[in-house]
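Chain nomenclature is as follows: A, B, C, D, E and F, assigned in order of appearance, with residue numbering initiated at 1 for each chain independently.
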Amino acid sequence: MANIKLIDESEAVEAVLTIYNDIKQTFGMDFVPSMFKAMANNPAYLEASWNRYKVIMGPGTLDRKTKEIIAVAVSVTNGCEYCINAHTAVLKKMGLGDVEITELMAVVDLFSGFNKLLDGLRIESDILP
Amino acid sequence: MANIKLIDESEAVEAVLTIYNDIKQTFGMDFVPSMFKAMANNPAYLEASWNRYKVIMGPGTLDRKTKEIIAVAVSVTNGCEYCINAHTAVLKKMGLGDVEITELMAVVDLFSGFNKLLDGLRIESDILP
Amino acid sequence: MANIKLIDESEAVEAVLTIYNDIKQTFGMDFVPSMFKAMANNPAYLEASWNRYKVIMGPGTLDRKTKEIIAVAVSVTNGCEYCINAHTAVLKKMGLGDVEITELMAVVDLFSGFNKLLDGLRIESDILP
Amino acid sequence: MANIKLIDESEAVEAVLTIYNDIKQTFGMDFVPSMFKAMANNPAYLEASWNRYKVIMGPGTLDRKTKEIIAVAVSVTNGCEYCINAHTAVLKKMGLGDVEITELMAVVDLFSGFNKLLDGLRIESDILP
Amino acid sequence: MANIKLIDESEAVEAVLTIYNDIKQTFGMDFVPSMFKAMANNPAYLEASWNRYKVIMGPGTLDRKTKEIIAVAVSVTNGCEYCINAHTAVLKKMGLGDVEITELMAVVDLFSGFNKLLDGLRIESDILP
Amino acid sequence: MANIKLIDESEAVEAVLTIYNDIKQTFGMDFVPSMFKAMANNPAYLEASWNRYKVIMGPGTLDRKTKEIIAVAVSVTNGCEYCINAHTAVLKKMGLGDVEITELMAVVDLFSGFNKLLDGLRIESDILP
């Protein structure tokens, strides 16, 4: 159980409900993810965070699939189960199968190891020509 | 200065030198990155790691640019300066400019924040329909 | 289930029992938190840790509520479920509601994101005037 | 040196300049911190992030000093030098001396240790009465 | 439930089955740990990783028990439940009891705390004589 | 430069000086490491921490070299440069050469990678027979 109350649609104030509807429409889903229901304890925080979410994950110079892959790579490295589950599900819906997911995780595995090796040995950056 | 000796090409044993040459050829570079020169203190470790590197970063179901982006996302999340510098440089050589790099980091920023929020509030994964 | 035996009050040696009683009295609780029951596998470690706990969390220049907020912020950033639950409960007992907890987590969210952005872009500290 | 160009005031587009001025005024400083100059490579990201910064760090149920202390605790736990330096400086300007800063860090030290101990022993949360 | 299919022995291709048999023989176990069944979604990754595992954990200049202790210390610090459980079990099979495990975790606790304190205060390395 | 004043021997109060002398004698060194000089801003914290240090790192069921190896493994995983440098130096003084240090780091590399892979794929612990 969450450490705080999740604000359900039935009890949300008008401003929150408007954002909830935008979230459902943007994601093409018929429910509001719990993350946003938690944020709604502070409506201004929810609003500013949702606006920023749309800016960062919306159209730009990197395509959406690449951004979702980054989301998973970051969430795995930080060890956040909720985000791993949510964004792995998105990648699967986008067509990635177990082979692709394993390949993604293999790259995470590879660099997580190298990252620590390099920190541990205090290796300085190569002087690139 | 590194905490161990980096094994220079001039002093590398034959087996290590063969790997060094493969590294330079694979990367199209005329120097061996310090990471591998550190690993060469244990030639069997260098060999197994380099073989695995080629398997993971070589052709597969995700393209090379996507894998380099994952490498940067993971290295940023782990805070490894060497890998951040090395793989950001690779991305730049592949054509990503400051706008793309900033966009990549914005996604890392977004999810690193959300990861902690979700852990902190102990939000359980949504039941996906 | 824990990976080691938790030393129950019924089986604790005298020295450990004395500390257990001090813990219950200090916290105003009628049970000993499992963390200390685990530490009791090594009584000297329990004693030194409990003494240090009282020094650090006891009266000083920062008030107790601020210290509990730091405890939660650190535990969230490290992702420790036990400590998040325990110290969020303490904050609630001190009167913080869901709005305050959400605000605390929003600050954790904000800086966890910025921390990675700044590391990722290798931004140097501002020269303060 | 940063891995991307920092957008100086002299070369900023109008929309960015407006935000830069708001940043300087809000902080009561006569320079723009490098973090924002990096974000300005993507003006929409800068704008959404700055708006959210003001919401989260602005007036609410926790006072500003407490929020700055959380910022430092999180940044230390994540190991971000830029944020540690910036927000420790803010705390000092707010009147905290070396004794208070040491006390803050002692709490970070205490719980960072306990966090790992509890994870390592797989201790389950206490059932609170 | 895992986010990908685990490849069971009954459905593994010949090359994977050969590795599975080597894993069982090397560990003296009659089952294949789930980690390897996940990697088998990408047989080349499984093979390269298993070869490297044997090189790193095999005979060298540090004894096997020391390597298992490092495995636990790292896994605790990274917070990986699977590896903590697996390698704590190995240590117990090697004869370590709850007192030894607690002592190992006490060292992890001690340095995890100091690590953050030192980062937080930006203390520079001592100049060793 | 550190973010707080380091308390030099020449300006330390009596109680701190007594601990400083114990530190130098215990380590067989003629200087006090900066970590303790930082802690001395809060003498009670220094005292409780030094007492606990001696309990945890002193004689027990694990030998001193093993404890120093754990210290390095933890500090590398947490990315603390000060502790990596200090305790790698201790290991070298204890006779470990570059080959042993590389082998230690290879184990850190291996498990840091596997830790993230297992978290990323949400693999549940094996049911041990």
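To be clear about the criterion, a residue touches a chain if its C-beta (ideal position, glycine included) is under 8 Å from a C-beta of that chain, and two chains touch if they have at least 3 such contacts.
All values reported here derive from a predicted model rather than from experimental measurement.
Q: Chains shared as neighbours by chain C and chain E?
A: A, B, D, F
Q: By mean C-alpha position, what chain is farthest away from chain E?
A: Looking at centroid distances, D is the chain farthest away.
Q: What chain lies farthest away from chain C once each centre is taken as the mean of the Cα atoms?
A: B
Q: Where the centres are mean C-alpha positions, what is the separation of chain A from chain E, in Å?
A: The answer is 27 Å.
Q: Could you grab the centroid distance between chain D and chain E? Build each centroid from C-alpha atoms only and quote it in angstrom.
A: Here the centre of chain E sits 34 Å away from the centre of chain D.
Q: Residues of chain C that touch two or more other chains: which are they?
A: Within chain C, residues 3-4, 38-39, 42, 45, 49, 52, 56, 60, 74, 77-81, 84-85, 99, 101-104, 106, 108-110, 112, 114-117, 119-122 contact more than one other chain.
Q: Chain contact graph: line, ring, star, complete or other?
A: If you draw each chain as a dot and join those that touch, every dot ends up joined to every other.
Q: Mind listing the chain E positions that touch chain C in their complex?
A: Touch list, chain E to chain C: 79, 84-85, 88, 98-99, 101-103, 106, 109, 116.
Q: Would you pull the chain C residues touching chain E in the complex into a rising list?
A: Residue list for chain C touching chain E: 3-5, 38-39, 41-42, 45, 49, 74, 78-80.
Q: Inside the complex, what are the residues of chain C that reach chain D?
A: Residues in contact with chain D: 1-4, 6, 30-31, 33-35, 38-39, 52-53, 56-57, 60-62, 66-67, 69-71, 73-75, 77-83, 85-86, 89, 99-100, 103-104, 106-112, 114-126, 128-129.
Q: For the complex, give me every residue of chain C touching chain B.
A: 72, 76-77, 79, 81, 84-85, 101-102, 104-106, 108-110, 112-117, 119-122
Q: Quick check: in the complex, which residue numbers of chain E touch chain B?
A: Checking each residue of chain E against chain B gives 42, 44-45, 47-49, 51-52, 55-56, 60.
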